[in-house]
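In structure tokens below, several structures.
Two complexes are shown next, each including chain A; its partner changes from chain B in the first to chain C in the second.
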Partner chain A sequence: MESVNKTTKDKIFKWIITLLPLVFIVAVLLGPLIWSFTKSFTDYSMYRPEQSKFIGLGNYIDMLQSSRFWKILSVSFIFTVVTIVLPNVIAVFLANLINMRVMGKTIKGKTILRVFFLIPMIMSETVVGAFTRVFLWSGDIGIINFLIEKMGINPPNWFIDEKLALVVPILTYTLIYFSFGFIIFDAGIRNIPGSFYETALVEGATPLTKFFKITLPCLKPQLAIVLIITLTRSWRQYDLIWIMTRGGPGLSTQVLSLRTYLSFMRYGEFGYASALSWFMIISLALMSLGILLSLQRGSFSYTIEK
Partner chain B sequence: MLLKSKVILITCLLILVSTMLFVVAAQKYEGQEVDLLLITEPDSYVVGDRELLADFNKETGIRVKTEFLWHERLWDRIRIEALAKTSGFTAMRMSPGFIMEYYQIGALEPLDDYIKMFGYENQLDDWPESVQKSHMSIPGSDKIWSIPINANTPILIYQKKLFESEKEKEAFKEEYGYELKPPVNTDQLLDMAEFFTRPSENLYGFHELLAPVAHSYVAALEYIWSFGGEVLDEDNKVILNSEETVKAMEYASKLHQYIPKEAFAADYAEEERWISNNNVAMARVWAGNARSYLNPKENPRNFQNYGMILKPKVEGTEFEAGQGVLGGGGVSLYAHAPQKEKEAAAKFLLDWLFDQDKLGEYLEAGAFHPRKSTFTHPKILEDPLMKDLGPLWLEALNKTGHARPFVPEASQIYEELSLMLHAVSLEGVDPEKAVEQATDKIYDIMDNAGYYD
Partner chain C sequence: MFLKKKYLLLYIANIILFLTLIIALIPLVWLIQSSFKSTDEIMKVPPSFIFEPSLENYRTILDNGIVDNLKNTIIIAGFSTLISLLIGIPAAYSLSRLKPKGYKIISLVILGLRFIPLVALTFPLFIIFANSGLVDTEFGLIIAYQIICLPLSIWLTKGFFDKIPPSVEEAARIDGCSDMQIFWHINLPIAKGPIIAVTLLVLIAAWNNLFIANVLARGNVKPLTVGMQQFLQSEFEGVQYGAISAWGTVTTIPIITIALIFNKYLIKAFANS
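And now, the complex of A and B:
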């Protein structure tokens, strides 16, 4: 009888500890999500909430018909693609380099290098953005333009040239976040069995072959994590762009999250901002799915073509 | 003898009673432990000296705490808390650029009753009329929604060395056919900006902040107003698309050929570098910010090199000088704060900003509230930094200060104005086309907000 009671108590306790976080998640996450989803079908304005009415897909249609939206979407897309590729290529390269054996010996000072690479990532984006804006990119005292000038080239106006303005947050983002990929890839490479490389060495594989045939395929699980996290972070990037360019000049660095923030917080267009948010959520989910599916395709096998 | 004793006794009693009344009145808030939180930007206009705050606490029992937030964080915080109707603070910094938005979402509490309660009605006129209109009131309401702590508007500063150089004077006269003197109209400003633009010497004719959106919309509005244009009429109809606005944008695009291109993305710190390093001949700066250029501690190399005038006028318009946005702002009571805190906050704000006896103390402590009696206060008249700037600042507030559009949709309108100015000055878009596009966008904003239903 006692053991039956204990089992019931255990079951109740399990339900309680499951339900508590569930209630919390529903209240904190799902509640606002549902609220914003319903608002995305209304013309709800912060300034005139009493006049709000249901407009069906009106916000989504307005969004897709607006040339400004397509411009902002293209900026977001370029920013996301480049900031997924560039920092992670650097990260894989550095992780591979740091774990390489040169003449049978590992590189010295690896721990110091690992810590050094981490510095930009542990700092606040806002701080790095504000600092690099002045000391790296500014026209009058920035190091980059100083070096360009020293090479005898006319330095560009990074922040006012529409074609160049996006380069600034992209490269600054790369500087901050290449270390995220580096940590994960570094750990991944260290877990690849040494026997794989020894076999390849016996079979006369070049370092490039080893990288593409062993290292990269072995890093697929890490790659999936890094790509999805980077995609999420890049797609909703806001702080760095806001601090560095304010979305300008014109709309040349305005990304979707910045537009959503402006629509929601500054312009009080809750309905339209909710539609933008939902567009961002759905597109992000689809892109993440695409990455996962493409990485799941194919399995790891090691053969050397002769 | 008996009569004398009675008089002494009565006098003593009167002293005792009045002292008790004074103590009770002074400590009205003490038993209630009133803590009030003022959220504000970290600027000197707002920061009461800590010792003065401690004195105020001793006198009244009201403890004032200040929380500093930078510009954008401040406005977002007020919006979020006001929408959620939280009671997280008591009073806040207010901007005339956004006052209508906060009024519309119910974040503000009128101050009229408190002004009467604490007997400061006669102090309201101590602020220039333009400031009263821009900072305190809201069209359609007869209440006072904010008390100004800072009133600012742009002026023109120029490098004296350049304008006084015989070599420059001769060269200018030869090229343009008239004397080189600080410009009194926009045509002269354009000529002089062109004359002094020498990129090879790292010298540019003119500078003004044009970064999106905060700075460029201010510049756009000033060009529009100076040329006699306007964004909205009294009935909130869009009247931007006018000959005056097109002329204003044509002029802006010409003048902006002579500025360092970084100005389109620069912030105050970058502007300060350009000006204090003498890399620009003339610059449009906020009157309040001009103090730092004149201050030997902040600008040791060139503090004596600046002359100041009102912004040059546009010939053929009704204005004596180029028009300027009224900046700065006030402090307002937060509508959702507890009543007890609101009353204490009103006492603090009104004593702080209106009590003439305390004005000297606050000026001594570094605060500067640009009202009429401040500009004429002996401490200011004796201040070497302010003796020239002060009268010009006051004149600019009276003659050029212009209130921004009073609609909650102002921020959206600002973005369109900013894009319009960037289109003509940076991308070379035809001003007529840029004005037309901005007008259509602003019309849509107003229409979507239901103004034309």
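And now, the complex of A and C:
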């Protein structure tokens, strides 16, 4: 393959299309990122940057010692776990339904379903968040409280009750993003060779065993992608929660990104915000690794494509 | 008997799927419908389906600068997407086909950047921009939006180039074509469909983003997502439900229309991501 002579022209071309993008990436993305890492060991404040000094692990120690941080971490964690499980369980379920086949008969309207399921995901989190906050969840015209009242139960105030507040962004998130997993699992299921199921049919397997013994193991690469993308999106979640609850009431919906935003935008604490950011990066990397490793184990050894 | 029961299951599955579709479409349909309701009409619970359409809400959002916000969103999202493609396609091609020294590490770093929390990149950029007068400018926002756009565009495009078999360029190579000619005349045309899909995905991400603009746009260059907050925040006038619906409709319709026109590419891209 490499025997073809590489002319100077080819070399120049290679250098240009490699180096120019790289310079941009370093200048705009990588450089600032590393710079913020170095500043996470200082007390850099936006208001008096010239006075900032090195404080070692000070920011990280402050962070780990504050009870507020652990509360925020637990909110982030609950939000992330539920938003990984709930939309994607629905997605796997629906992807199985749409590929159902009985004696050659299949589901009607598959194309319409596949196209229009995309819509909530294309809409901005900001729009869906603001709209559902008013029309689904609010106390005066929200349809959810109207229905609860109809059932004879005293409706809660979703934005004041600290125990319930997190339910609001979680369910809205589910509404927006269940289709993300659906599209990917759907494509995955369509790629499973029919012969896999025929053998199962001969052996008289029930739908449930077919799902756990054939479908799910075959979906491992898709699972890896969906889980990691959902994990990332949830762990760094800002838009939806900001527009729906602003992190309140109290700290009940304040996730890590919101806390970082507030400490930077409100108090100008760049050093501390950087430490929080880097905590988010490292914890995210570790959790992703955990997901990949736990998926790699198991009876079917499918290689996980990156 | 056995078969009948199985067909019944199929029907039930079909019904569940279409019920889910209705739930999934509620935000969009209800949003558009509410945007044409008068203030009295909008307060009705349960919401009415038949009503006299009113343009009151659209007048409100016109008075609140929707035109400027829409213009900002189009410029910022459009140019962010364009730049991320101009930089991303060559970068992806290089990493996928030309494989310069260290391409594996570079690829890994770019993959990592795709998953970086936005806070980690936006705040250092804010300080750099504040020192160079780029906060609250279109140029600054377009650069900052590369936090989302560029890793996405490089990574998705690279995935497509990886799938083109090397055999397609062998004939051209024997004919003495240079690397640049092969890129320009063979691989780029093959990747046209995927590149349309990448364009859409990047555009959607840029169009919908709130966070970066919320940090970097003050008054001048607010996009639609940032502008929407004013109707949730106006504590003195009360929350303006009608205006929220109209503003949301204007924010949503352009991007949904584009996405539905090109839905084939979009579904394929998601399935391959």
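Convention: the second predicted complex is superposed on the first by the 290 of 306 C-alpha atoms of A that agree within 3 Å, B and C clash if a C-alpha of one lies under 4 Å from a C-alpha of the other, contacts with A are read in each partner's own complex, and residues count from 1 in each chain.
By our rule, a contact is a pair of C-beta atoms (placed from the backbone, for glycine too) under 8 Å apart; a residue touches a chain by one contact, two chains touch by 3 or more.
These figures come from a predicted structure and were not determined experimentally.
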Superposed partners chain B and chain C on chain A - clash or fit: clash
Partner chain in contact with A:T7 - chain B first, chain C second, else both or neither: second
Which superposed partner A:F79 touches (first chain B, second chain C, both, neither): neither
Touched partner set for A:F135, first chain B, second chain C, both or neither: second
First (chain B), second (chain C), both or neither touched by A:M265: both
Partner chain in contact with A:M46 - chain B first, chain C second, else both or neither: both
Chain B versus chain C as contact partner of A:S36, first or second or both or neither: second
Which of chain B and chain C A:Y173 touches, first, second, both or neither: neither
Chain A: partner with more touched residues, chain B or chain C: C
Where chain B runs into chain C (options 25-33, 79-87, 151-159 or 223-231): 79-87
Chain B/chain C common contact set on chain A: 46, 134, 140-141, 265
Chain A residues touching chain B - in the complex, by the definition given at the top: 43, 45-48, 51, 134, 138-141, 157, 159-160, 162, 245-251, 262, 265-268
Chain C residues touching chain A - in the complex, by the definition given at the top: 3, 6-7, 9-10, 13-14, 16-18, 20-21, 23-25, 27-28, 30-31, 34, 42-47, 87-88, 90-91, 93-95, 98, 100, 106, 109-113, 115-121, 123-128, 130, 143, 146-147, 150-151, 154, 166, 173, 178-180, 183, 204, 207-211, 214-215, 224-225, 228-229, 231-232, 239, 241, 244-245, 248, 251-252, 255-256, 259-260, 263, 266-267, 270-273
Chain C contact footprint on chain A (complex, rising order): 1, 4, 7, 9-10, 13-14, 16-18, 20-22, 24-25, 28-30, 32-33, 35-36, 39, 46, 49, 90, 94, 97-98, 100, 102-103, 105-109, 112-120, 122-128, 130-135, 140-143, 146, 175, 178-180, 183-184, 186-187, 225, 228-229, 232, 235-236, 238-239, 242-243, 256-257, 260-261, 264-265, 270, 273-274, 276-278, 280-281, 284-285, 288, 306
Residue ranges of chain B touching chain A (in the complex, touch as defined): 76, 79-80, 83, 101, 104-105, 211-214, 260-262, 264-265, 269-270, 273-274, 279, 408-409, 411-412, 415, 418-419, 422-423, 426-427, 448-450
